[in-house]
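Next come two complexes, and both contain subunit A; in the first it sits with subunit B, in the second with subunit C.
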Partner chain A sequence: MSKSLVPHVPVSAAEVAPHRPTDWRSDAMERRVRRRYAAERRFRLMGLGAVVVSAGFLAFLLIVMIAQGHLGFVETRVTLPLDLRQARLGLTAERLRGPGADLALAGAGLERAVDAAANRAFATEGGAALLSDGAWLRVRDAVKRDPHLLGRPFTLDLPVASAIDVAAKGNGTPAAERTVAALGAHLSRGIARDFLTGADSTDATRAGIWGALKGSLLTMFVTLALAFPVGVLSAIYLEEYAPRNRATDFLEVSINNLAAVPSIVFGLLGLAVFLGTLHLPRSAPLVGGLTLALMTMPVIVIASRNAIRAVPPSIRDAALAVGASPIQVVSHHVLPLAAPGILTGTIIGMARALGETAPLLMIGMRAFIAAPPDRLTDPATALPVQIFLWSDQVSRGFVEKTSAAILVLLVFLLAMNGVAIFLRNRFETRW
Partner chain B sequence: MSNNPPKMTASHVDVYYGANHAIRDVSIDVCQEDVTAFIGPSGCGKSTFLRSLNRMNDTIPGARVSGDIRLDGDDIYAREMDVVQLRARVGMVFQKPNPFPKSIYENVAYGPKIHGLAQSKAELDRIVERSLSRAGLWNEVKDRLSDSGTALSGGQQQRLCIARAIAVDPEVILMDEPCSALDPVATARIEELIHDLRGRYAIVIVTHNMQQAARVSQRTAFFHLGQLIEYGDTSDIFTNPRQERTKDYITGRYG
Partner chain C sequence: MRRIVLALAAWLPVALGACVDQAAGGGAGARDQIRVVGSSTVYPFTTLIAEQYLAANPNARPPVIESTGTGAGIRLFCAGIGASYADLVDASRRMKRSEYDECARHGAGDLMEVQIGIDGIAFAEARQGPPMRLTPALIFRALAAAPDGRPNDSRTWRDLDPEMPATPIRVYGPPATSGTREAFAELILARGCETLKPELAALRERNRAAFDARCLAVRDDGAYVDAGENDNLIVQKLGANPDAIGIFGYSYLEENTDAVRGVAINGVEPSYGAIANDSYPGSRALYVYVKRAHLRAVPGLRRFLALYAANWAPGGALTRRGLIPSPVSVRARAADTISHDRPLDPRSLDAGVIG
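After this line comes the complex of A and B, so read on.
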């Protein structure tokens, strides 16, 4: 043994006490090993159990929603023979090709003619009451597409009234069930286009999700346009520029608390500030978006700060050392590396905002709105609010519409999460 | 003593981290034509002093520098000194290789781009090639300039970082233990490289390796507990140290 630079001096009695070599094969040792394996196994099983339970809940939810909701996308139709020559509508094929076609069709009394045809064809089964309120609109559209229909008999599949529709899908009243049985082969099924293109209605067969979907899209647009830049800029400022002192500590605590505030409180705030003080229009996507932006901003700030903080300081040093200015360091190096985290946080915040109902109820987006909004200041509703409103309806036809609307919301959320995953993979850089 | 003109002069420099007095009254001249080595036990303040030469200490909260540091006679802590330009003129290579997670080309081209050093793509290409050649990396990477800089080996990454520093045409290059994360072969390459770069740039290198300091430097400064104990020609320091503490350190009886 070579002479050590540092002489060895015993420091305690324990060091010189006799030392028993470890017996790795003793009974106690083997028991310990067995216990360790058992603990590992138990832990793994518990984890597996937790995963199975949560996946089970999710599957249950999805199955129930799809089982009920898919019927919301389907409508029952009855085949109606029509002959518009008898109705004396005063319409000619020429007038329908001209510019005044819509006006001419609106005033021609088509609705009465369709009702009369139904009364004739299904006198015993209920006549015009079989048809949905909006059935004549299909006739109008057909005639508009093909004006020659005015001059000859034809048949058209028209949507039935809600009670018959529900019965045809196996959930109706005994009377409606009998009607369905009597109609038999006259009934058929098709895609409920009104559901995908229309807005709210008091008649379940005419109620559509497009109005609420568009309301949600406009609201999300406002939320994103406000919360994303403000949130990311705040995060950059707090991480890169703000001095560390009492004020910024306080700000940090406030932001963290804001992220945990119940959403209805933001609704109250929106009501007081945007409607009460600023007198913005009620029920508008603009106000809904502003309110949800308040709620989403802290989430984006927190996620962005974490993402920015996760950028290795060595990258910052490297950029500074070649003479990058602080802004260049942030925009050329920190932000690109933090982008996946920032985008993921943003989309999680947006997804939460998309599903939010309470604050929108507070600012009046629960009104009955029969037309899809065109501008940010038009009265509108949003998907979750629409679901809430429909779930409250007594008419049985709305049960499946509610589930169908939930499906639309889930698809929207899935799409957003898909975008988040795509962006994360797209921008992910390793170092 | 060599009699080259000083490129950087530091006089009576003190650096504090909050209440921690990390550098005490250090005065030193860095010469244009020389490689200057800073040696001393861990925690004695070599990195701290090095970082005060290109004001990287500015980025550390609580760090404070007093005294006078001049580059070509200009006070680098003066109000009218632009830090960004200063850091381009006084480049830095870090202990752990830290290439940007971008392509090899982008790593080298970044500095010239932000400082507008190239008027055209062709000129930028030339700068990149010249920098990589000077860093002794061109032949190894010329066919894969678009690969990520982080995919290179440790030694190649460190030479890439040197190329990146060279690309902005600095006057001084500060290297903080540039070989401590490298194997002996990569270390030898870097030492060769420093040898080749000598004269073109004033080079300051922090090292824990006495042999390395003896091999690459003309001047050596020995730091201890935040103080500059001895500064002189490398040959004198290693063969004939005037201070007892320097002698203890370089003979390994210490630290």
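After this line comes the complex of A and C, so read on.
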């Protein structure tokens, strides 16, 4: 015990004299105490204010997106009476069973027949111009499902043109608003299935997010397949095997720097190496995945190293002491204990890659492609790029589609972060 | 342990190599998919053609259309022939002779030139702004870097013309790489420059570079704001800043008539008719260029081109999307080019004609 902590004991009568107990009730003291409490309160409120501001930004973003975007999942339909017997399509039910059904229907002039039916039914309101460009495709699918429709009159709810759709949702031009008022009871609303199952289109009522989503999923698959094993193995090597010297220090600094490099730089690298030197196909998820893997790898290495370092040395010592080989120590003990941290870091790195646009623009994943990709080498776009492309569209109908696509992207990001939090809470061991 | 590490070290290049092998099939060999690059102005029209192509040929692979801007698109297009290079380039201006020479150097000099229609670069302002009446000469004096040979220091429109409102000069326009910007320079700035200084017209013939520096350079002190390739953004900025003027493709003006209105140039409002009959000074031709060698190699490319011709007449699907049809004679010539594979004569590019 140090001397200063020993209370001062008066030794002579002279010293005892004017010592009064602290007067907590004096004005000066009460002022001081009030100031202390006020400072405390101020500090707490500042913290609370910071939280409120950041939550406010988030709420603002979400509310604006949901307010604009929820209509993107809804389409306006008009009920159209159809009678394909009049159109003389020259089709029989038998021809529609085989694999050539699409071609037969496209060649038979179904589009003209649907336009003619619309012209008859809504002659005063605008006729075929009311219908979406893709309306006849719905008729085609209905006829393919039930070929007997060719032989009898029926009605079908078909999507309306983009201008009418926007007006029915209360945001259109005066002319379109009048048309909506005239159509009145013929209009109905439904879930826009094309939006969830289709690919890009020039017509807002037909544009779908599935093509871009599938492109994103394929890209993420390549990224994960490459960045995860390489990232985790480098982390294990650096933590468990590498000697501590100048070279590994340099490596560590380089990896940390790499994690902070702006993503556009990786895009340029991808353009030069994968497209320029290796001649991989442009716009392919394979190239996108390779480029994003470069970007994600350092994040995974850093997260994995931290997770591995958090496993106490006593576990390793104990395993070695009972005769485990180094690889058994790593694979039986260190990796399972570090897994939650490694997976959390990986998922967060992947979430960042999912939201990345700039490098994908550089390697050409910004094209208009009217069908979802089937292979890793097929041209594709990705979700954030699709949002970027739609935001530049001339037609008004794309405003809500853009917001709806942002919602889809946000749902995926939230889901990935949710999984990361779940893994951390469920499997994390505290020492 | 060492064995494991070695095995992994050996596995990685193999895995990567497999990727490359798999990719080579799609990249360097034959390609059954049409690839298009180029102008963001022509992009909406080419995507529409791609959709029609797919609707008519349900079993075809979807065409891939990238909007890169005219200049960058021509660079990509001209990098060579073969499966890894685009078949078609969208251009919102004619190809330059220097660009053609670049193409020819890479073996891609055998081209077809098809004019698909006309577009207007529209000057527009917010509906609630003061109505403006401009001329090319006025725009040149307001926006050129050095209209009188010394740096432009005009701040408000009234500085230039006592009749104009005293609002600050602020113009949102496309960036230097854009075809719209080049059309703006050629159609408006060059015209204004020559009106003001007829002696410079001779300089244009003698020394193109000196003329460009003198007449086409845009001031960079904030009066001209480079608003990027996103034309919707310019429309939004005009709404937020009623005194400003925006420059973008005519189709954006047509789609946003509730927020912005066209600015008359030489007394002519930008309208469908005024652009088609060339009385509005900001009209320009839109082109696609095709590699003739690819016509045989890429299935469906001919049908794809024929769809342009089927839809570019008045009332066709392209014109419903905002394309302004070219005059009948130009359409006939373009249709003839498509049906007979007529090659582009590079000498015709020398004149620097804007259609």
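Here, the second predicted complex is superposed on the first by the 381 of 431 C-alpha atoms of A that agree within 3 Å, B and C clash if a C-alpha of one lies under 4 Å from a C-alpha of the other, contacts with A are read in each partner's own complex, and residues count from 1 in each chain.
Convention: a contact is a pair of C-beta atoms (placed from the backbone, for glycine too) under 8 Å apart; a residue touches a chain by one contact, two chains touch by 3 or more.
Keep in mind it's a predicted model, so treat the numbers as computed, not measured.
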Would you check which partner chain A:F368 touches, where first means subunit B only, second means subunit C only, and both and neither mean what they say?
second
Tell me which touches more residues of subunit A here: subunit C or subunit B.
C
One more residue to check, A:P379. First (subunit B), second (subunit C), both or neither?
second
Counting only touches as set out at the top, which of subunit B and subunit C does A:T22 meet: first, second, both, neither?
neither
Tell me the contact category for A:S201 with respect to subunit B and subunit C: first, second, both or neither.
second
Determine, under the contact definition given at the top, whether A:R396 touches first (subunit B), second (subunit C), both, or neither.
second
So in the superposed three-chain picture, is A:A324 touching just subunit B, just subunit C, both, or none of them (first/second/both/neither)?
first
Classify the contacts of A:T173 with the two partner chains as first (subunit B alone), second (subunit C alone), both, or neither.
second
Residues of subunit A that sit at the subunit B interface in one complex and at the subunit C interface in the other, please.
325
If you look only at subunit A, which of its residues touch subunit C in the complex?
102-103, 106, 111, 133, 137, 173, 199-203, 230, 233, 237, 241, 278-284, 286-287, 290, 325-327, 364, 366-371, 375-379, 389, 391-396
Sort out for me which residues of subunit C touch subunit A in the complex.
1, 4-5, 8, 12, 19-20, 22-28, 33, 35, 40, 43-44, 46-48, 50-51, 54-56, 58-59, 61-67, 84, 229-232, 251-252, 255, 257-258, 321-322
Under the touch definition given earlier, write down the residues of subunit B that touch subunit A in their complex.
54, 56, 59, 61, 84-88, 91-92, 94, 96, 98-101, 110-111, 114-115, 150, 161, 164-165, 167-168, 253
Quick check on the complex: what are the subunit A residues that touch subunit B?
5, 244, 312, 314-325, 328, 332-333, 337, 429-431
